[in-house]
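Chain lettering (A, B, C and D) follows the sequence in which the chains are written, and residue indices restart at 1 in each chain.
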Amino acid sequence: MFAVLTLNCSDKRGIVADVTQFLYKVGGNVLDSQQHREELGNQFFMYVKFDIKDLTCTRKELQEDMSSIATKYDMQWKLSFSDNAKKMAIMVSKYDHCLYDILLRHKYGELNTEIALIISNHLDLENVAEHFGVPYFYIPRSRANKEEADQKALELFQSHQVDFVVMARYMQILTPTILNEYHHRIINVHHGFLPAFKGAKPYHQAYEKGVKLIGASSHYATEELDMGPLIEQETARVDHSYCVEDLVRLGRSIESKVLADAVKAHSEDRIIVFNNRTIVFS
Amino acid sequence: MFAVLTLNCSDKRGIVADVTQFLYKVGGNVLDSQQHREELGNQFFMYVKFDIKDLTCTRKELQEDMSSIATKYDMQWKLSFSDNAKKMAIMVSKYDHCLYDILLRHKYGELNTEIALIISNHLDLENVAEHFGVPYFYIPRSRANKEEADQKALELFQSHQVDFVVMARYMQILTPTILNEYHHRIINVHHGFLPAFKGAKPYHQAYEKGVKLIGASSHYATEELDMGPLIEQETARVDHSYCVEDLVRLGRSIESKVLADAVKAHSEDRIIVFNNRTIVFS
Amino acid sequence: MFAVLTLNCSDKRGIVADVTQFLYKVGGNVLDSQQHREELGNQFFMYVKFDIKDLTCTRKELQEDMSSIATKYDMQWKLSFSDNAKKMAIMVSKYDHCLYDILLRHKYGELNTEIALIISNHLDLENVAEHFGVPYFYIPRSRANKEEADQKALELFQSHQVDFVVMARYMQILTPTILNEYHHRIINVHHGFLPAFKGAKPYHQAYEKGVKLIGASSHYATEELDMGPLIEQETARVDHSYCVEDLVRLGRSIESKVLADAVKAHSEDRIIVFNNRTIVFS
Amino acid sequence: MFAVLTLNCSDKRGIVADVTQFLYKVGGNVLDSQQHREELGNQFFMYVKFDIKDLTCTRKELQEDMSSIATKYDMQWKLSFSDNAKKMAIMVSKYDHCLYDILLRHKYGELNTEIALIISNHLDLENVAEHFGVPYFYIPRSRANKEEADQKALELFQSHQVDFVVMARYMQILTPTILNEYHHRIINVHHGFLPAFKGAKPYHQAYEKGVKLIGASSHYATEELDMGPLIEQETARVDHSYCVEDLVRLGRSIESKVLADAVKAHSEDRIIVFNNRTIVFS
């Protein structure tokens, strides 16, 4: 049982000492800590994972005491506990490779999360959800009804107490209805090496350009299509002999990988977004 | 001693049989052959490397006979001989990593080429040229005199019978004077994952975007900046902790690699350009 | 619809011309051909994929005519037809990641094979087989009964006309009963970078050695444990912070990949074994 | 200007707090800190990089105060200062690729070290040393005189105050004379993926085994050949078409890379050896 604290603020001498001293005093044992500093904006970032089995105060007191330190340094911060796994919603369309990948990793215990539900605009993958025992909700979605569809999805998220959303090749552009409610908590996977090949048919674009590596990128979804903060990227080597279908085939594994890495990092509270870039502690 | 034949034409049954039969008849022994087919445009591409030590005709006759076959199929084709190594010119500015890399690979016998000369708009790297015993020509270049500078360079290329040109981080945009004369025979390296991060300061662009992999791309230089046919690309993993200087440092090795691979492929006549894409036989 | 011809023999001038000329005469259109030559033993290897839709002879005649050429050059050869997909058996124990990976790739049409059956020494993965609609046979296996178990498996292979066998983390050492019957047609995956870390608990061995990359290897199973001809290998970066469980987790994806690549290459008749090494045409 | 503190000891609550608090009190500003824990042996490892420009005590006092903390926890520890660059000796034979790589990286400012001297058992690379302005000492070495040769080398190391030694493809087995004096301070590069392919001619071994990836490994040299603690490893993809010479060619870049990474990590005091494994902080 451990807790994770992430924070960022203007850099100043003494932050690390103050934070670790505080944790020591309340019986926390630092298991891992990482720092980062950005020259631009003189910003300091910190990640601390600490054992809480010998905690000498309540979690509420921990929160309050940490709040005092945060005020002193004007910090953005977050504190979470390992026994309080995040609840995840998955949105899918018809492609199942990212879905299988996440469900299997979850089954293997790689992701400390709970998969609350799967939402799809198609019925195709209901049997996959069933196979893994996850509730599946079919919400058709068209240009005409997308507001209502997202409203319905949002209600499901809320009734299931969903913490974050994973677009596992959902292939739809979410409306602000959901985006605003889950700011920097919606993870999307794009089948291109962003910022190249934004938007539709990235593999066709890549083929025509004659690239020698294809890419996949996971990022937080924002209103601007495929422009949210990048979380993970991966490439795979191709050559002239690969037709578009080959790129699609090869792409499946790197899409699955970058999405899974992003889901794992987010669920373990290892990501801080700053200036549209992500700090992803390892 | 071997020869390399590359060709492309509209696809038709019988090409492979005709070509290999012809080579057999004149005493050539096929060492390696590769084909490629593009659905779009029904285009056929072929690479044949064949031993010529038992050739029963002269090289001139070989050329003429091949010419007849080429006419029959309306082929683009090229025939070269291994004992007739290509002459290469290198253009550099102040960065030396790609230059060292090429000179060392040449020394190790990796590149079947002759390094005819090095041209630079600075004096900085003259000692490197000296160390490796390659003639070095200093041609200052500014917005004002770039036409003359390129004219001078072109004259040097011609007097040295240069076959192809390598821009080893030359950091200058060549004028049509050279570009037209050496169409698809000028290899450039760009320190970004094209088509992303074209133009100036790609590592700064990459940093700001917060990419998780940086890239380097080698391509044939054309009039449109960083848009010529891609030859090779490579990426290297980075994270939030890499500042721009770190990207520059890490980039050196992938820049060197993609440029060297392109130089090797070009010098071995393994590249055909079609529809602004390269077919690079392996 | 196409056919694939693979062959090897002592190198001699004229083989490529003879083979391609022969194919041309019977109406075959070469789609792809690759050659390889080993200095040691002066051995020549060839792969030809050719379109057979305009074939002017029967398949039987094709076989016979090819047989004459083969006799002339004393070739080892094989001819197969794309509409005659190979039948594959999968053997599994309790780990399901390689099994899911193969079943999904099969579903996506990546593997031109038929999955005839799954055999396991445990009941655990029956529901996976069911989910994908593949027959599942439970054959318990212990030190005492392994001969009978393998005999049973072999009978199932034969009654299902199985062409090749995939050990998807079967974790058992097959007896000669099966090995001899399916010589160089049984593909195994080992979770180590062979020849390092042979045998049991390779991830523990790797951890203790403190390697900085872990590996996975697919190979043809032979009587000597983990010593059969290597087909594909892959590595993944690790560091001191990875405990054995982390290596196991990370290993899943590279194990799946090397096994899938081997299955694909074998099912497409792209592999020739010579001197305990594999030639894998691309 | 900064300092680096590395330490390890049995794990206990309070270490991180104590160390960071101590640094804070003397005016150090933590720039980066990393921890690691090994279950086996309950061992705790720590790396702290801290700014010392506002230090309120002398460096000697810093050492003394740290010594008290170390005593309290029974720590192994080391403290170094960035303005006190380590002095490196390079040992080479006839291969120059690792040598060029290190000299260039040093020139680019990638390595915070001073290159004190180069020692070789051949005269071949003297001109490389000259080109980069580094003293070169020729010490012939044979089975008969290796003790004297190493004695001579050791004397040169001592007279040049050498902190650590880099065997840049030195291809000689050092005697205990040097090994004992520079325990865990001699970095070697082996052109094989250790623990596979130890000893002589690893590329020949790899070729015969038919591996699909070749590897290179950097490690601390110890008395047992190629068995010292691994520091970095890298692999490169090959296939059946690569002959031994191709492996040698391809190997040059991964050998250079793993050696350079090891030199950089060692010179920045980011490595701790424990149980024959390295902890390499990033």
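Here is the rule we go by: a contact is a pair of C-beta atoms (placed from the backbone, for glycine too) under 8 Å apart; a residue touches a chain by one contact, two chains touch by 3 or more.
Note that the coordinates shown come from a computational prediction; the quantities given were computed from them, not determined experimentally.
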item: Those chains which touch chain D and also touch chain A; value: B, C
item: Chain located farthest away, centre of chain B as origin (C-alpha); value: A
item: Centroid spacing, where centroids are CA-atom means, of chain A and chain B in whole angstrom; value: 41
item: Centre distance in Å when chain A and chain C are each reduced to the mean of their C-alpha atoms; value: 37
item: Interface hub residues of chain D, defined as touching at least two other chains; value: 282
item: Chain C contact footprint on chain A (complex, rising order); value: 96-97, 100, 104, 108, 110, 127, 131, 249, 252-253, 257
item: Touching residues (chain side chain C, partner chain D) in the complex; value: 36, 39, 193-197, 208-213, 215, 217, 229-235, 239-241, 243, 276-280, 282
item: Residue ranges of chain B touching chain C (in the complex, touch as defined); value: 13-14, 16-18, 20-21, 23-24, 27, 29-35, 37, 54, 282
